[in-house]
Each structure stands twice: as C-alpha cells, then as structure tokens.
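Letters A, B, C and D name the chains as they come in the text, with residue numbers starting at 1 for each one.
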Amino acid sequence: MVDLYNGGILILGTVTTFGLYMILSGVDSPWFAFAEHAFVGTAIGLSVVVATDYLFRTIIPRILSDPAANWPTIISVILGLMMILRVHRDTVHLARIPITIATAAGIAVSVRAEIFSGIINQIKATILPLMGLATWWDFVVNLTVVLSVLFVFTFYFYTTEMKGPLQQANRIGRYILYLSFGVLFAQTYMGRLGLLLGHLQSYIQPYYPNGAVTVVVVVVMIVSTWLLHKRYPELLEKLTPE
Amino acid sequence: MSILRRKEFFVVLIVLISVFLYIPYFFEVPQAMTNLENWFMDTIVIIAAFAVWVGFITATRREVVRIQRRRKGWFYAVVILVLSWAMVVIGLGIGKTNVIFEFLQWAFVIPGDATIYAILVFYLTSAGARAFRVNSLESALLTFGALFILLKQAPLGEVLAPWAGPVAIYLQDTIAMAATRVFSVSLAIGSVVLAIRLMLGQEMALVGLVRRVASREEE
Amino acid sequence: MSNIFKMMAHIDRRVYYAAVFLLTALLLIYPLGLPLAISPEVRHTYELVDSLEPGDLVIINFCLSASGYAQLQGACNSMIDHVFQKEGVLVIFTATADQAPIMLEGIIANNGELMAGHSDFPYYEINGKQYGTDYINMGYYPGLFKWVASLSADFRPALGNNDWYGNDVSEFFDSHDITHARDVDLVISFDSDDGAGDFMNYFFLEYGTPVVQSQIGVMVAGAKVQYNAGNYAGIVPSIRGAAEYQFLADYPGYALTQMDAFSVVQFFLILLMVLGNVGYYGYTRLQKEA
Amino acid sequence: MVLHISPIVEGKLSGLIFFLVALALTAYYVRNKKVPYIRRVPAIDAIEEGVGRATELGKPVIASPGMSPSGIGASTVAGLSILSYTAKLCARNDLRLLAPMGGSAESYTTMELARDLVETQYKLEGKEAAFNIDDMPFFSGRQFAWASAYCGMMLREKPATNIMVGVQYASAVYISEVGHEVGAMVISGTTYLSNIACLAASSDYVMIGEEMLAAGAYLSRDPGQLATIRTQDIMKMVLIGILVLGVITLSFANEAVITFLSS
C-alpha cells in the first residue's frame, strides 16, 4: 500500500495540480481557491525560512567566530534589520537607508559587468569577415547576421525622425523582428510543452497506484464542483473568495 | 535626526556607493577599497535576506484583517496563515530537513509552481491558434518563422519534413539571433545610462524620495 | 459548406486544452520510440564535461524552480551523473532559487546510495564520490547576481563554512586548497532564472571560467546569443537538449520517454495553424467581403 | 595582443571608455536641459485608451510593474513610471486601480516603492482618500503564486484594462490570456525577450523591450529622462559605427577594431 507520506503527497499534489488547472475551464471552483491559497501560503513560508536560514548558517557564524574582525558584517545585519522598520508608519523613513543601499549597489554591481557581456562582447561577436571565406554559405550567413543587426538597430531609435532610407531600414527591421518572434514563439512552446510532460509524468506513471489515485481524485473534484454549481449554488457562492 | 529626511543625504549616499563600486572594477586599487567593495556586495545580499520579512509581516497583517472583518471566503485566509506560519515555525524552529517541512513543499509548493508553469502550454496553444492567421506580411513572417522551428524541433518533424531542418537552423542562428542580440544590446545600453543617471542623483524616484519628501513638507 | 469553415475558424479554446491534455497523457503512457538527432551545441557540451581532469573543481548551481525542474529533469540527472563519473573531480552544489535544495536532494538520492554507517542526508555516495571529501552541498543563497558577485570577489566568506545541513565543511575547502574563485574550473547552471548569466558576468568575464547552462525553453534564444558570442562554453537547451544529453550519456528514463508526446503535440499546434488559416480564408474573409 | 595601460585592469579598457563616453553624454544633457525630440511609442496611446475604456465601462484598471526579480532594475523603473502614470489617470477619472504586488523574493522593495508612488499620485490629484492600500496587496515572493493570485483577482474584479509592464517571465502570457478571458484590453511590456514573442501573440499592445524604457521616460515628461533616450540613441550610433568599421577592416584582414574591443 502506498505509505502515508508519499500517499499524502500524491493526493494533495493532485488536488493542487488539478485545482489550479481548473482555471482553464473558466468555471470558478473552491478547489482552485484552496489550491491557490495553499500554494501562496506555503510559498511565503518557504521564502522566509530559506532566506533566514542563510543568515543563521553563513552570516551569524561568521560574526560569532570573530566579532572584532567582522564588525563590518555587524553593520550589514543592522542595515538589514532596519529594512523591517518599513512595516510601521513612523519608522518608515529609517528603512529608506537600506532601500537606497540595496538599489544603488544592486544597479552598480549588475551594470558594470553588463557593459562587457551585454555590449562589448556582443558587438565584437557581430564583427564578421565578408571576404576571404571558405564557402559561399559562410558569406551568406555572415552577411545575414551583419545586415539583420544593422536593420533591427534602426528599429530601436527613438529620437530621430524616421524619413527616407531610415524609414525603409526601419520597416525591414520590423519584418526581421516579426520573423524572429515566430522563431521565439516556437522555442517557448517547446519549453512549456516540456514542462507539462515532465510534471504530468509523476502523476500518471506508474499507472498503478499513481495514475489510479490521480484519476480518482480528479473525478471527485469534478463531480463536487458540478454538484456545487447545480445543487448548492449558495454554498458555492460562500466558498468563493472575495 | 531630520537629516535622514533630506533628499541631499541620499544623493550623497548614492554617489558614494556608485563610486566605490565602479572604480575597483575598472582600476587596480588598494586593498582597502576592494574590501569596501566586497562589503557592499555582502550587505546587499543580507538586506535582500531581511527584506523577505517585510513581505511576510505585511501579508500576515493583511490576512488577519481579512479574517477579523469576516470578508467572503475568509477561511482561505486562514489556510494562508496556518500554512505560512507552520512553514516558518517548523522550518526555523525544528529545521528545514524536517519531514513535515519537506512534506508541505512536495504537497503544495512544487506541484503549484510546476502546474502554473505547465499551464502556459495551453494558453500558448490558444494564443498561437489565434495569432497565426496569415492576413498580413507581418503575420505571415510570424507564422512561417514558427512553422519551420516547430518542424525542426519535433523529432517527428525531422522524419516527416527533413527539408525544414536547414531552413530552421538558418532562421534561428542568423536572423533570430541577430534580432535577439540587438535587443539585449539596446537593453544593456539603457541600463548603463540609467545607472549613470542614478550616480548623478537624477533618478531619485528609484528610492521613492522625490515627491514624497516634498509633499510632506507641504503638510 | 461555409459553416464547416466557420467552425474551423472559431474552435472553442477548451477543445484545444482537452486535446493537448489527452495527447500528452496517452503518449506519456504509450511512447512510440521515435529517433532523435543530436545538435552540435549539446555534443560540444558533452565533450567539455567529458574533458574534466582529476583535481578540477566544478560548481553545479541550481537557479531552478519546480517548474523548471519538470522540464530539465533529464539534463539535471544525466549531466550530474556524468560529472560524478569523472575521476578525481570535486563538486560544490549551490542554489540561487529557494525551491532548488529539496529537488537537489531528490536528484542525489536518485543517483546515489547512502554511505556506510549513515542513514540520512547529506551522506550519499554517487559513482564512488563521497560526501565531504569529493563533493559538498552548500544549499541556498539569496540575492541572485548580488551573491554571485560577492562569491567571485570574496569566495570563502560568501560561501561560509557551514553546508546546507549546518555541518562545518571548511575541511573540504582546506584539504583541496580551495581559497579563491580562480580555483573553479567549470560552472554548470540549471536555470529557470538567469543563474548562468550571473556566473558568466562574474566568473567567465573575470577569470575565464567556462560556464555551461541548461535552460528552459523561454531562455533558449537569449542563451544562443551568449553561446554565439563565446560567453557560454556550452548550452543544453530545454527538454530537447536534455533528451540529447541523456542519449549521449546513455542515461535511462525521463526526457527520452517524453520525446514522442513532445513531437505529436507540436504537430497538433501546426495542425491548428493550418485549420485556423483554412477556416479564416474559407469563412471570416468572405464574411468581411460580403 | 591586447592593450594594457597600467592602472586599468587588463581587458577592461574598452568597457571603461564606453562607460566614460556614456557618462560625459549623460552629464552634458543633464546640465543643459535641452529637451530633444522623441518618437511617440504607440503603446502609450494604448494606456490612455485603456484607462478611457475603463472609464466608459465603469470597471477597474489592473496594473503591475512586473515581478522585479533583481530589485529595482531598469525595467522595473520603467514599469513603475508607467504604473505611476496609470495611477495619475485613474485618480483623475475616479477609477479603482488594482495593483497586485509581489512575484519574486526581491519584490518587497519594489512593493514599498510602488505604494509610495501611487499614493503620491493620488495626493497630487487631490484624491488622497481614494487611495486604498488594500487594492495593492502583496501576493508572496513567488512568481506563480503571485500570477495565480493576480488571475484570481482578475476573474473576480473583471477589470476593463490590464497594464502589465516591467520584468516578467513565463507567467506574463498566463496573465495576458486570463485577461482576454475576462474581456480586458491587455497592454504588456517586458524586456524578457522570449516572452515578447508570446506576448505579441497574446496581448493587444506590446512594448518591445527597450521601447518600454523609452515609454517610461516619455510618460514622465522629465527633460532628464528624455535626454537619456537621446544619449542611448547616440551610443547606438557609435556602436553601429564601430560595427561597420570593424566588418570593413576585418574583411581586409585588419584586426585593429577587434583588438581594441578585446583590450
């Protein structure tokens, strides 16, 4: 028999999974509300535990090991605590300091590396030779990349009047963008489909007991929702969140 | 402590932080400055860890209000409160490898997250069926771009339509890659300019300061 | 005749949803076993991992939530199993997504067995590698790119001395003389958020450390740009890449069995595109002209 | 062969020059306050049309500055500017503005800012009483818990317009499709490239990547921000110049530009 721990996970997991899938039907159901709120609740708790655990596991031991040498980390913890002052109306302005540090330092740290990975290396990789190439296909590929980059770039000018050749280039850039959207849509579809397959697999295989339990739970959910809609509409009304 | 309410204090703070983070990155600097840079990077990680509690406290406050006022479906608020506090009490109190803590993750968090991500293939199917109407040059390009990639991606496609492969690779590795590249380059330029404007004290809205302080003085 | 076109142009959304559900469920239970071609990027990544030498230090980072894991399960298991087959290679597991630690435990339990005299995590042995001597699991760190930046600048303090279970693992670092970010020889990141991008910014650009990313479908286009520019040493794109890597590493299960459903449902979308257009030209345009 | 000038870290010279050029341009524009011409992004008209539609139908507007997974980045700032502008329009037309906050562990800071900015807009329109913080609830730090609560809110409130601009990943299409289901006009904008293709198919208006940053600046009408867009355009011209020069020289087997970019 399926033991309580895995059985519980299978049943509650099925309730959460198919409860949330009920949004597809467009029919409001208490199962969706329960699944949504159970997911939101546990998710909040997990984020808090995992972040706080980092503090106790890495930061507090570092301070305790040698408080004198690690006084800067103590200041960091004080700044972190000040963040929580945001919760109360009249200590809000004190929370402004950690918010400012987090914002300014966060942007500086990310931007200074992006100059290289996002701009310099990308332009360097687009500088491709158009002569002295091994095959004509290399020439076609290099030419397409260079021209596509130049045309799409014209699509990203916001302070120049779009007249004459710039307007033609802008239109070609727009067509290239739409072609790329088609390619990106298909890639995204591939990804999402992989998710559905991966997730459903754990509830369908092996057929017994997983598939069987899943089918039973889903039938119970559908029948109960149908009953609520048909026989007890006022109970359904009470069960749907505001 | 009225200085904490003045905008200039934060402008100076931002300029100092930016300078102390850009210079050590581009120039060889004495060890003291590198230590300060490392401290800033450590601090923003610690602040991020504490910021989680702000959300947790406000979420708890909101659910308690929902229960006190007996708003419709208030018992769902009880579900959120019970589960989030159970996770925190068990997770921090007993330990994050505790059986109940892991049970709640496997039962609610993981199926919830996986389901909603997976649900998108249904929405993409309906959006795709709706969007791929060939009624203009743009929608034709959109449709054929998607068609070739779908044929190449699916192993069945390689069997039934081998001709789609090379065309798809050409579209994917030259045109789509070029458009993606320009897209991320112009985005990176936007971020660089924003960071510089912040350093020059021009983006005070980032810390929600500008009008708020002004309007408070009017009161 | 025209109402057939009308029907084709206005199929109720829920018909699509039901069809996708049925196709997926059936083909997962009864896979057809269609052939699979290997793309050059995945082969190159496989060879890169295969070229690991004794003494190399690999960071395996999980920036992956449950939904991403459902898609990259094949890649996670086959790539980790492959790295752990490499003689003398050291591994540090880290996570920058808060859901990842519990799934990493699932992968370790799936690919390893409990070490002698131990009854619980983290003491698992995978392909002969022992916990604490050959590999350690440092668990979750908040802050995304901010933590990766501090890891690159100040390696040991950013990691701390306690692993995810609170054991002091400083002995692992000291015995293998791991002190600076330069000691890392390869970073593999399983991403549903851009973990590898952070490691590229702060490990590849700083020290030239090769970074490999296995990413979900949405991120494939962006990853190809970085791979083409040489910023990523290798990529394993989405479920298709996972199936290919599994095939190369002849690792059974997961992505390979999902390939048939993967094929047929994509053909279903192509069918919808055709039906939609036939319906459109047969009915809606006539409607407009009439 | 790579140029290396002593105090500058090796391999960082080209990036430093790029950074200094950007700094000089930005400082120049900040000082002399000349407001450059800026092209109007169609999606901004859509926001006004969307709020107008909500006024006619007497239904609320739902808007979000995205999930801000890495705190206040460029896209979140644009998302907040657009949320601010939407709040101003809603306050002016006495419309209820719903703004579901959350979506990532880092979105707590954004939540504070968003509430600040929206409250300030209601104050500036003299309608402080109309601001209701409960309409800006926090739906957890998880993308999909937030997304499903966002959709639950739309299913219940049936908004006329859904304006979702900022950093958002896979959940964007989910919210956009549910928006369609409740009959809302969907205006979206993201810098997450692969999502734009899906949003282009699924929503009525989509701001393509950096267009959103331009929209944020355009809406704020702030000379400094408009100068920013001008600075970015000039830097793109510089990059195009380097690119064309590089391709020409490399075609004649001269690697000067590549060497410069690698130093």
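Keep this in mind: a contact is a pair of C-beta atoms (placed from the backbone, for glycine too) under 8 Å apart; a residue touches a chain by one contact, two chains touch by 3 or more.
All of these numbers come straight from a predicted model, not from anything done at the bench.
Enquirer: Sort out for me whether C-D or B-D is joined by the greater number of C-beta contact pairs.
Expert: Of the two interfaces, B-D and C-D, more C-beta pairs touch across B-D.
Enquirer: What is the distance in Å between the mean C-alpha positions of chain B and chain D?
Expert: Roughly 12 Å separates the two chain centres.
Enquirer: Between chain C and chain D, what is the separation of their C-alpha centroids in Å?
Expert: The mean C-alpha positions of chain C and chain D differ by 29 Å.
Enquirer: Distance between chain A and chain D based on Cα centroids, please, to the nearest Å.
Expert: 17
Enquirer: What whole-number Å value describes the gap between the mean CA coordinates of chain B and chain C?
Expert: Going by mean C-alpha positions, chain B sits 19 Å from chain C.
Enquirer: Give the residues of chain A touching no fewer than two other chains, as numbers and ranges.
Expert: Answer for chain A, listing residues that touch two or more other chains: 20, 23-24, 26, 33, 39-40, 43-44, 46-47, 50-51, 53-54, 59, 86, 99, 102-103, 105-107, 109-110, 112, 114-116, 119, 122-126, 149, 153, 155-156, 177-178, 180-185, 187-190, 192-193, 195-196, 198-200, 240-242.
Enquirer: Return the residues of chain B touching two or more other chains; collapse runs of consecutive numbers into ranges.
Expert: If we look for residues of chain B contacting two or more partner chains, we find 22, 25-26, 41-42, 44, 48-49, 51-52, 54-55, 58-59, 96, 105-106, 109-114, 116-122, 124-126, 128, 130-132, 142-143, 146-147, 150, 153, 172-173, 176-177, 180-181, 183-187, 189, 191-192, 194, 206-208.
Enquirer: By residue number and range, which residues of chain D touch two or more other chains?
Expert: If we look for residues of chain D contacting two or more partner chains, we find 12, 15, 18-19, 70-73, 105-106, 109, 112-113, 140-145, 148, 170, 193-195, 198, 200-201, 208, 210, 232, 236, 239.
Enquirer: Report the topology of the inter-chain touch graph, choosing from line, ring, star, complete and other.
Expert: Drawn as a graph, the chains make a fully connected set, so complete.
Enquirer: Across the complex, what residues on chain B touch chain C?
Expert: Counting only chain B, the residues touching chain C are 34, 37-38, 41-42, 44-45, 48-49, 52, 96-97, 102, 105-106, 109-114, 116-118, 121-122, 125-126, 128-130, 132-135, 143, 146-147, 150-151, 153-159, 172-173, 176-177, 180-181, 184.
Enquirer: Provide the residue numbers of chain D that touch chain A in the complex, in ascending order.
Expert: My answer: residues 12, 14-15, 18-19, 36-39, 41, 70-73, 105, 109, 112-113, 139-142, 144-145, 148-149, 151-152, 155-156, 170, 178, 181, 193-198, 200-201, 208, 210-211, 214, 229-230, 232-233, 236, 239-240, 242-244, 246-247, 250-253, 257-258, 261-262.
Enquirer: Touching residues of chain D toward chain B in the complex: what are they?
Expert: 6-9, 12, 15-16, 18-19, 22-23, 26-27, 30, 71-74, 77, 80-81, 102, 105-109, 111-113, 116-117, 120, 123-124, 134, 137-138, 140-145, 147-148, 170-171, 173-174, 176-177, 191, 193, 198, 200-202, 208-210, 213, 224-225, 228, 231-232, 235-236, 239
Enquirer: What does chain C use to touch chain A in their complex?
Expert: 14, 17, 20, 24-25, 28-29, 67-73, 98-99, 101, 139-142, 145-146, 149, 157, 159-162, 164, 166, 197, 200-202, 205, 216-221, 225-226, 228-231, 237-240, 242, 254-255, 257-258, 261-262, 265-266, 269
Enquirer: State the interface residues of chain B toward chain A in the complex, per the touch definition above.
Expert: Per the stated touch rule, the residues are 4-5, 10, 13-14, 17-18, 21-22, 25-26, 39-44, 46-59, 61, 71-73, 76-77, 79-88, 91-92, 96, 99, 101, 103-122, 124-125, 128, 131, 137-139, 141-150, 153, 170-189, 191-192, 194-195, 198-199, 206-209.
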